[in-house]
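The next part holds the structures, each set out as structure tokens.
In what follows, subunit A forms one complex with subunit B and a second complex with subunit C.
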Partner chain A sequence: MVGASELWQQMRYLMPEGLLLCAGLVILLFDLVVKKGRSLYPLAMLATAGAAALALLPLESSEPLFFGMIQSDAFARYFKVFSALAGFLVVLMSMDYKPLPARFVGEYLGILVLALAAIMLLAESTNLLMIFLSLEFLSLSSYILVGFLRNDKKSKEASLKYFLFGAMCTAVMLYGFALLYGASGSLDLPAIKAAFANRQNTPLTCLAMLFILAGFGFKVAMVPFHAWVPDAYEGAPTPITAFLSVGSKAGGFAVLLRVFFTVFPGLDYHPYWLAVVGVLAVFTMTVGNVIACSQDNLKRLLGYSSIAQAGYVLLGFVVMDGRFTQPAVMIYLLAYLFMNLGAFVVVIVIANTTGQEEIDDLAGLSERSPLLAWSMFIFLLSLAGVPPLGGWIGKYYIFATLVKGYLEGLSGGNLMLWFAVALAVNSVIAAYYYFRIVKAMFFEHARERMARPVVGGPLLTALYVSLILTFAVGLWPQPFLNWVSRMALPLL
Partner chain B sequence: MDEILAKSAQSSAPALWVGAAFAVSFGLVVAGSLGAALLKNLLHAVLFLALALLGVAGLFLMLSSTFLFVVQILVYVGGVVILLIFGVMLTSKMAQPDIPPRNRQTLAAALLALLLFCATAYVLTTHPWMVSAEPPAVPVAEIGVGLLQKYVLPFEIVSVVLLVAMVGAIVLARREPESK
Partner chain C sequence: MIPLIPLPWFLGLAAFMFFCGVFGALTRRNAVGILVAIELMLNGVTLTLAAFARFLPPGADGATPLAGQMLVVFIIALAAAAAAVGLAIVLAIFRTFSSIDSQQINIMRW
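Right after this comes the complex of A and B.
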């Protein structure tokens, strides 16, 4: 029996999410007292910045905490930093986002901050119950945040669709959990692994993992669980779109990595399983890229682009080798965080100026606001994977991982070469629609009535932070790579 | 089914009765779910859902999880279904029985569901399940201790999740003052 004092000791590993949970509740409470919702922004910024600082403290433990519910190791700490950083930028982006109803700012910020804590919990869960709970926590807050534009029919529709898809995927995932529990007799991931280690695997475990993949795949927007993305991304308040595309996706990948690396080394179904994931990844990026080509709405386009990006990251999972997979996935997500948030900052400025989010609204942006046009250009280049930007480093590592897997003769090596080819082909398709935006910005003339976009302080800060870090990850990747490899899960 | 029969042999209840009880629970679940998914009238669908939930409670009882049996009836049949009925009755548009439960994709969805069912059924029936010698009876006191020991973290997180759900429901469903 673990005593109360010992639990109290363990609490110190939960400081970042503890701070966010408290801050979320305090914001909800303050909202009752303070009449002006805007005064809550500094509080939310302070909380996210504080959580990031706390997460950077080298407080980690490889011991299971809270009776094996969570494990606050370096890997979890990486995603805590990630989530707090993303949260900070999203709060900055929300400050100047005009369509957000002023009376709901308190609820909006409170739920947003709590959702960040949910991502942190998700990244450190080592028990199926805890995984389910934090995943639902994140999903529920996301459904609500998507529907915050009360007067916008699209926002309501997006929220409902997102909820219905989510409920379905969660139900399937839960069934998978039940099967896994039935097959192993435990909810703790290490115990499940131990149960599989000394027993021949059955089709049951495969079926269970497939069902579980539905739930995680929904979070990371993997085909065929991607159908909610375009509508939810278009209808949601733009900062929330950015949050979904970065924060909640990273949470999904974190839990996917942990489950894969904790449970899978014991499974014999490896090669087949990797082929399944690889084919799904290729489908994911192809579907995302091909449909993105015909989109005219910026948020929808970036939505499909984010499906494609999820496909690239998933390819990293095909080489289930700890030395390669984890750093590749983690560095990709880091680069993706900055370039994608940056692109959404530009979308917010455009929407504030013209009231719309179509590609046409970017026409002649290079004349109206060179800063915005060039920043967007950089972000798009990075998303397309052009050197020497952050996105290129990420894509390079995924690609190199596949080729290395092939050269080292890992199981399914030939398949990996084909996956690498698919990645290259898809990058070309993606370049087409990213450059459609560039063409509108630089080679088309502005319509007469278009105003010059005005960028306020918070948005400008978010823009510069994203810009600098997109360059930094690309030009000076070594410190980031060192950091990421240090934070990877220990090999089993 | 086999496990249940094996257990019943130990608890010295006649296998026939157990089989009959299982068949009733099973029938309730299947019929209730079909009704909930296919009926046009939303109120009828909710009532069928209550039947399905009752059937699940019956399955819990047969697995000798008496506590779950009680909670299932109290919370789901007694609480959730009543709330659903209120929801349907208070929402004027929903109470009208003209919302089609089917669309163009019904056939494809049904085929896919059937395929999934066959695969799952095959896997579940061929798997060598571990059958525990005695029913895992969990006393209520142990559940209470568990909530403050092993499950203390999930227990606390659930409270925040419920808070978020409540705040969110109010934000999404509250009538705008402008539209009054």
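Right after this comes the complex of A and C.
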């Protein structure tokens, strides 16, 4: 039995989450006494920056903590840094987001900071109970944040659709957990793996795994669990759309990686699983890219684009070889964080100026604000995977992973070659709609009464940070790659 | 003691409840109706878990596996929390749309 003092000792591994949880509650409390909600922004920024700093401290433990509920290893630490960083940028973006009702800024920030802690917990859970709790924690906060614009019909509708879809996917995932528990006799991921190591899998296990994929697929926006994405992205406050597209998605990928690497290698049908995931990934990117081509709303377009990006990342999972898969997925997510948040910063500035978020609102942006137009251009190039930007490094590693898997003759190698081809074809389709935006910005003229966009300090900071890091990941990838490889899950 | 009702009966009933819930969630148009259907799905899950927890062989220390029952309690608690958020959203929807028919709440398309 673990004593109280030992548990207290283990608390030091949870400092970033602890800081965020305390900060979230303090913000919610302060909201009751502080008249101006805006004065809470510095607190939220301090909390997220502090959490990022604490997560950077090399405090890791390869031992299971808290009765095997949590494993605070390097892999979890990577996602802690990731989520705190994303949170910091999202708070910066929220500061100048006009439609946000000033009266409720405190609640908004409080829930946002708590949601960041949920992502951290999700990345370090090693027990199905803990995974369920942190996933639900993240989901419930996200539902509220999506519907935060009280007077906006779209926001409420988005929230309802997101909630109903999410609640159903969670229920399906829980049924998968229940079946897995029945098949293995435990909720603990290492124990489940051990249970499968020395006996044959039953159809029950396969069914359980499929159901579980529904819950995680919902979080990362995998087809066919992507239906909520376009509506939730369009209706939500734009900083929250940005948060969903990077933070919540990264949390989903973190838990997916952990479950894949701890439970799946024990399964008999291992190669078939990889084929299933690969085919789903190809569907995900194709559906996202093809539908994105016909979108006129920027947020909706970026929503479909984020479905497609989830498909690229999922392809990295197909090669279940620890040396390639994890670094590829993690570097892709890192690049995606900066380029996607950057694109949303531009969307916020446009929405603040014109009051809406259509592609037409970008017409002639290069004349009205060259800085915005060129940075949007860079972010879109990066999203399309053009060298030498961050997105290119990510896509290159996913592609290289697939080709390596083929060359090294891993199981299902021929399939991997086809997946690589699908990835290449999809990148071309994606270029079409990204360049539609570029065309509007550079080759169309502004409507007459369009105002010059004004970029305030916080948004400008977020823009520069995203811009610099998008370039940095692309031009000097080595330090990032070294870091990411060190943070990968230990191989089994 | 030999249990009177064997495990497959529990699992069968739970699966029936779960898929009734799935059917309801997919076919209902009323948002509250969908919520009720999702609760039914969750109840199917909890019954499965409770049945497994009762019938699984005891662990190395001879104790019955409690993890399943623990998860049941957490699911019930979180279902209540989710219902609170869900009903709040439905209320907000009703105030603006004057309806909770999921087919009519559709100003965003494609």
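Please note the rule applied: the second predicted complex is superposed on the first by the 492 of 492 C-alpha atoms of A that agree within 3 Å, B and C clash if a C-alpha of one lies under 4 Å from a C-alpha of the other, contacts with A are read in each partner's own complex, and residues count from 1 in each chain.
The working rule: contacts are C-beta pairs under 8 Å (C-beta built on N, C-alpha and C of every residue); 3 or more make two chains touch, one makes a residue touch a chain.
As the structure is a prediction and not an experimental result, all values here were calculated from the model.
Contacts of A:Ala167 after superposition on the shared chain: subunit C is touched, whereas subunit B is not.
By the touch criterion defined above, A:Gly110 lies against subunit B but remains apart from subunit C after alignment on the C-alpha atoms of chain A. Once chain A of one complex is fitted onto chain A of the other, the partner contacts of A:Leu129 extend to both subunit B and subunit C.
Legend: residue contacts after superposition of the two complexes on their common chain; A:Gly147 is shown touching both subunit B and subunit C.
Contact with subunit C, but none with subunit B, is seen for A:Glu157 once the two complexes are overlaid on the shared chain. Judged by the touch definition given at the top, the superposed model places A:Phe67 against subunit B, while subunit C stays out of reach. Looking at the shared chain after the overlay, A:Glu234 reaches subunit C, while subunit B stays out of its contact range.
Once chain A of one complex is fitted onto chain A of the other, the partner contacts of A:Asn482 are absent, as it touches neither subunit B nor subunit C. When the shared chain is aligned, subunit B and subunit C each come close enough to touch A:Gly185. Counting contacts by the rule stated earlier, residues 129, 133, 136, 140, 143-144, 147, 150, 156, 159, 182, 185 of subunit A appear in both its interface with subunit B and its interface with subunit C.
Across the complex, subunit B is touched by residues 1-2, 7, 21, 24-25, 28, 66-67, 69-70, 104, 107, 110-111, 114, 117, 121, 129-130, 133-134, 136-137, 140-141, 143-144, 147-148, 150-151, 156, 159, 182-183, 185, 202-204, 207 of subunit A.
Within the complex formed with subunit C, the residues of subunit A that make contact are 128-129, 132-133, 136, 140, 143-144, 147, 150, 153-154, 156-161, 163-164, 167-168, 170-172, 174-175, 177-179, 181-182, 185-188, 230-231, 234-235, 291, 294, 300. The residues of subunit B lying in touch with subunit A in their complex are 119-120, 122-124, 126-130, 149-154, 157-158, 160-161, 163-165, 167-168, 171-172, 176.
Subunit C contributes residues 11, 18, 21-22, 25, 31, 34-35, 38, 41-42, 44-45, 48-49, 52, 56-57, 65, 67-68, 70-71, 74-75, 78, 81-82, 85-86, 89-90, 92-93, 96-97, 102, 105-108, 110 to its touches with subunit A in the complex.
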